[in-house]
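Look at the two complexes coming up: chain A is in both, with chain B in one and chain C in the other.
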Partner chain A sequence: MSVVQISGLKKYFDAVHAVDGVDLSIQQGEFLVILGPSGCGKTTLMRMIAGLEKPTAGSIHIDGADVTELPPRKRGVSMVFQSYALYPHMNVYNNIAFPLKAQRREKKFDKATMRGKVENIAKLLEIDELLDRRPRQLSGGQRQRVAIARAMVTQPAVLLLDEPLSNLDAKLRANARDELKDFQRSSNITAVFVTHDQIEAMGLGDRIVVMEKGKIQQIGTPQRIYDDPANEFVATFLGSPSMNILRAQGHRFGFRPEHFLPKTLHDNPANSVSFHYFVKRVEYLGSDRLVYGYVGGHENELTLAKVPSNVRVSLDIEGEYEFAVHHDNIKYFDEASGERVEAQVAGAAWR
Partner chain B sequence: MNALGFVLTNFWALLVLAFLGLVGMRIVWRLRKYGATRRELRHVLRRSPFYFVVLVFCFFAAAPFLIMFLHTFKTDGDLYRRPQPFVYRQEPTLEHLDALFNNTAYLDFIRNSVLVGVAVVIITLLLSLPAAYALARLTGRWGERAGILMFLVYLVPPTLLFIPMFRIVVLLGLKDSPLSLIVVYPSFTVPFSMWLLQGFFKAVPPELEEAALVDGYNRVEAFLRVVLPLSLPGIISTVVFTFTLTLHEFIYGLVFIADTSQRTLSVGVPTELILGDVYFWQPLLAAALIIAIPVGLAYNLFLDSLVQGFTMGAVKG
Partner chain C sequence: MKLLRLGNFPLDNRRLIGALFLTPALLYIVLLVGFPFLLSIAFGFSDVTVGNTDLSFVGFRNFLAVWENDIFRQVFETTIRFTLISQVFILIFANILAVIFTQEFTGKWFARFIFILPWATPVSLAMIGWLWMLDTKYSPIDYLLLQLGFLGRGGLLSDNRNLFWLAAPDLAQISVIFVQVWRMTPLATVILMAGLSSIPTDILDQAEVDGSRFMRTLLQIKLPLILPIMVIALLFSMITMFGDMTVVYVLTRGGPVDYTRVLGLYSFQVGIEGGNLAQGAAISLFAFPLLLAMAIFMLRTASRAEVR
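Right, the complex of A and B next:
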């Protein structure tokens, strides 16, 4: 069942088309990640779902009801802001209780119930020791938990998170990612998570929405998006280092550096395409060797190969080697539109 | 009276004693902290010119108040014979203070001023809080222009406005009543306060309000529960500034109210205690000092938020 149904959603700021025709349906209990480069309209899309921004066109339904014209408080969504937006003049307890106090005016429940709810969620997020502190007395990670607790305490239909991990240092981030995912699983809440970090997106998302220039490029599971990109943007945006793209007659084709390996490693040469590979530079990254070079016939296009360290093939600078890619790992793109096309359509005739 | 007289007459000696005391305290403190090394003592002595300069500046700033204070207790003879502000040559007297409170309407003036001040502060806050908030959040071109336009109103001097304003006051039937001032003063306190508050509201991140909106509140509630508490220093500055503006306003107070017992301090004191070319200096200075002290204390108490108010207006205005 879909909790959020978005159709034809647009937001124009004068000449800037921040969100330009988005259709999206978000399922109950899923962790949906919106991924895209900076400025692609992720935040704007999320703010429209929350009701903080009025759409130029299109509609938003939450739990079947049209909420396009409703103010944020009537939508049953909560949000974790990138800056956390904790209220500096309230202690942690009052920060978390703040949305409950708003609810108390309609659904009558007593103070003890409220305290119980706050303490429950605080315990769950391991911040029950901090309830008397002010936000400025908390570390970044603790602030983030308080923000999540505040957003979760009313059990909203949808939890919106706008890059909530970007203020944390790398180590805390990995931890927080883990905990966030566990927490979402166990509470079975529907979460929409905005990020421009693909590792975060791949790790967290049940499904990923890739956005660019206000438009959705592809929606799918992390694996689907990585292995089966819909177009050249998605193909190159995901993966680090990014996919090699080479020009050919009437189309472009690409393959990921980790699929570009010495020919001897491919068990069935008939299934793969081989290239002459001229090595210019090799970086040793511990688990892998990252090779910079170019393939025969594409001297001006830098091509990378990522060779696992346990592959004991010597790769020397200025050397020439036979490398190959499995047929299935080569993607073809239309020259003009960048859309994925089939090999036959691209007319690729490999030796 | 004798103790007071002693303090007043030996005032210069006391100043020197204060200086020596300050240096002495410093030495004792240093001794207790670092032990009695000669180096430490020399350090304090080398710094003593610094204390002296500080003391001189304090004196410079406080001198007007000091002179007012000393003169309050001078006899006429002492006052007019070859003026020597800091020295008593005749026994100090309480007679002028007594005259101020018992033979003039000074207490009425205080009552009227406080009444007008408090009422104007309330009206100003009620009008300028929402207005300043709207200006702070209307970040488009028109918001800014509207703000500048309203501030321009503040720059039109009362000397130009008092005649038309007088007509209005008469029409409203408020002549000779402090109510007339309560009606007219907001015309300059509101633009001023709005400008001041706007800077404070701009300093509150919009995200905090948006968080409150998502947390289940409407815009007014978000303003009251989040923006207002965070702008408390701004509101305090506004209250203090507005109150002092009403306290020293002169021309409206003079023109609108002819009845002595209805006048405010800023008009009542000079009109009552200056008759033609006769200045009753002692009660005049006493009257001014008594009002200056609470205002000075208020400024001191809220110094930080007042400075913040000014710089914020300067940077963000």
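Right, the complex of A and C next:
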């Protein structure tokens, strides 16, 4: 069942088309990640779901009801901001209780019920010891939990998260990612998570929505998006280092550095395409060697290879090697539109 | 020669440029604040008059004489009363106006401009305007009330054709307080507006998503967050008002009788108009410990209330 149904959604700020015709359906209990570079419209899209931004055109349905014109409080959504936006003058208890207080008259519950709800969610997020503290007395990780508790206490239909991990340091972030996913799965809440960090997106998302220039480029599981990109933007945006793109007659083709390996490592040379590879520089990254160079016939296009360190192949600077890519790992793109095309359509004739 | 070398332009010298930037502020403080302040202390402990400018030390004689003076006590009390009452209204109006002026509406720029005028107008000029507005015979306010039937024979407020704004004791006091509120509210409003617009938009967006409506956001989020700035605004207008003499000097000269005589005016009347510089200085110095204590207390409150 879809909890959120978005159709034809647009948001124009004068000449800037922040969101330019988005159709999206979000399923009950799924963890949906909206991924894109900054300025791609992902935050605007989320703010429209929250009701903080009025769409120029299109509609939003939540739980079957048209909420396009409704204010945030009538939508059953809650939000965690990048800054956590904790109320600095209130203690943790009052921060978490604030949304309950705001809806107490409509929903008709007494103070004891409210206290019970706050204490329950605080216990669930392991912040029940901190209820008397002020936000400034909390660590980054604790603040994040308080923000999530405040967003969850009203049992919203959808939880919106705007880059909530980017204020944490790298070590905490991996941990927080893990906890967030656990929490989402156990509470079975529908979560929409906005980020520009592809590792976060790949790790958290049941499905990923890749956005660019206000439009959805592709929707799919992390694996689908990585292995089967819909266009050149998605192909190059995901993956680090990003996909090598080379020009050919009437089209472009690309392959990921980790698929570009010495020919001797391929089981069946018949299934792969070989290139002369001229090595210019090698970076040793521990588990991998990152090789910078170019392939014959494409001297001006930097091409990277990511070769596992445990593969006993020596790669020397200024050396020339036979490298190959498996047929399946080469993606073809239309030269004008950047859309994926089949090998036959691209007319690729490999030796 | 050395000065002409590249990279050693005189203004590149940090010490020199630092001193250069500080000089105007230092000059201002020393010449226009420090020197008069020290001079008034010297005057307060002497027997100087306009006629005899020799400074001979007389100890606390002036201060004792002033303190035992009934008029001074009444003036002191009036000053405190006027200041406190007007601050209440200034805070209420400034808060309401600051909230209005931080909303989006057409003509906002013009409304703000009109509104800031009372503060931008020279006090004496504005007071001459009010002198006419509150005139005993020709007051436009009285005229309006007369036309509406509140004044004149059988009128609701008075059978008389005039209310005598500046001549009746109660009305004169109300008039002075009103004009002070009119004059000081813009500054307090501007300070509060700055405070309101410094609240992070994330916090306000969060409150909206949390389901908070206008009044709850105002009372539970906005006002607590600008409390420290509110205290600063209050401090500014309190100190300005406590030492002010222009308003009453132009409007009432302290009358009728002594009903609107405030400290600044009394000090001026005794020291300059009456020629007793020593006592005039002593009178104004009575305000100093009070204002100092108030300033320290409020600044400490503000820094304690400051969150984050």
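A few notes on this one:
We take it that the second predicted complex is superposed on the first by the 351 of 351 C-alpha atoms of A that agree within 3 Å, B and C clash if a C-alpha of one lies under 4 Å from a C-alpha of the other, contacts with A are read in each partner's own complex, and residues count from 1 in each chain.
Heads up, the rule we're going with is that a residue touches a chain if its C-beta (ideal position, glycine included) is under 8 Å from a C-beta of that chain, and two chains touch if they have at least 3 such contacts.
Predicted, not measured: the structure shown is a model, and the values here were computed from it.
Look at chain A after the overlay: chain B and chain C clash there.
More residues of chain A lie in touch with C than with the remaining chain of the pair chain B and chain C. By the document's definition of touching, neither partner reaches A:171: not chain B, not chain C.
By the document's definition of touching, neither partner reaches A:108: not chain B, not chain C. After overlaying the two complexes on the shared chain, residue contacts for A:87 are found with chain B and with chain C alike.
By the touch criterion defined above, A:71 lies against chain B and chain C together after alignment on the C-alpha atoms of chain A.
By the touch criterion stated above, A:312 is placed in contact with neither chain B nor chain C. By the document's definition of touching, of the two partners only chain C reaches A:134; chain B does not. Overlap of the chain B and chain C contact sets on chain A: residues 50-52, 71-73, 77-79, 81, 83, 85, 87-89, 98-99, 102-103, 150, 154. Residues 200, 202-203, 205-213, 216, 220-221, 224-225, 307-308 of chain C are the ones touching chain A in the complex. For chain A in complex with chain C, the touching residues are 47, 50-52, 71-73, 77-79, 81-83, 85, 87-89, 98-99, 101-103, 134-136, 150, 154. Per the touch definition, chain B reaches chain A in the complex via residues 205, 207-208, 210-218, 221, 226, 229-230. On the chain A side of its complex with chain B, the touching residues are 50-52, 71-73, 77-79, 81, 83, 85, 87-89, 98-99, 102-103, 150, 154.
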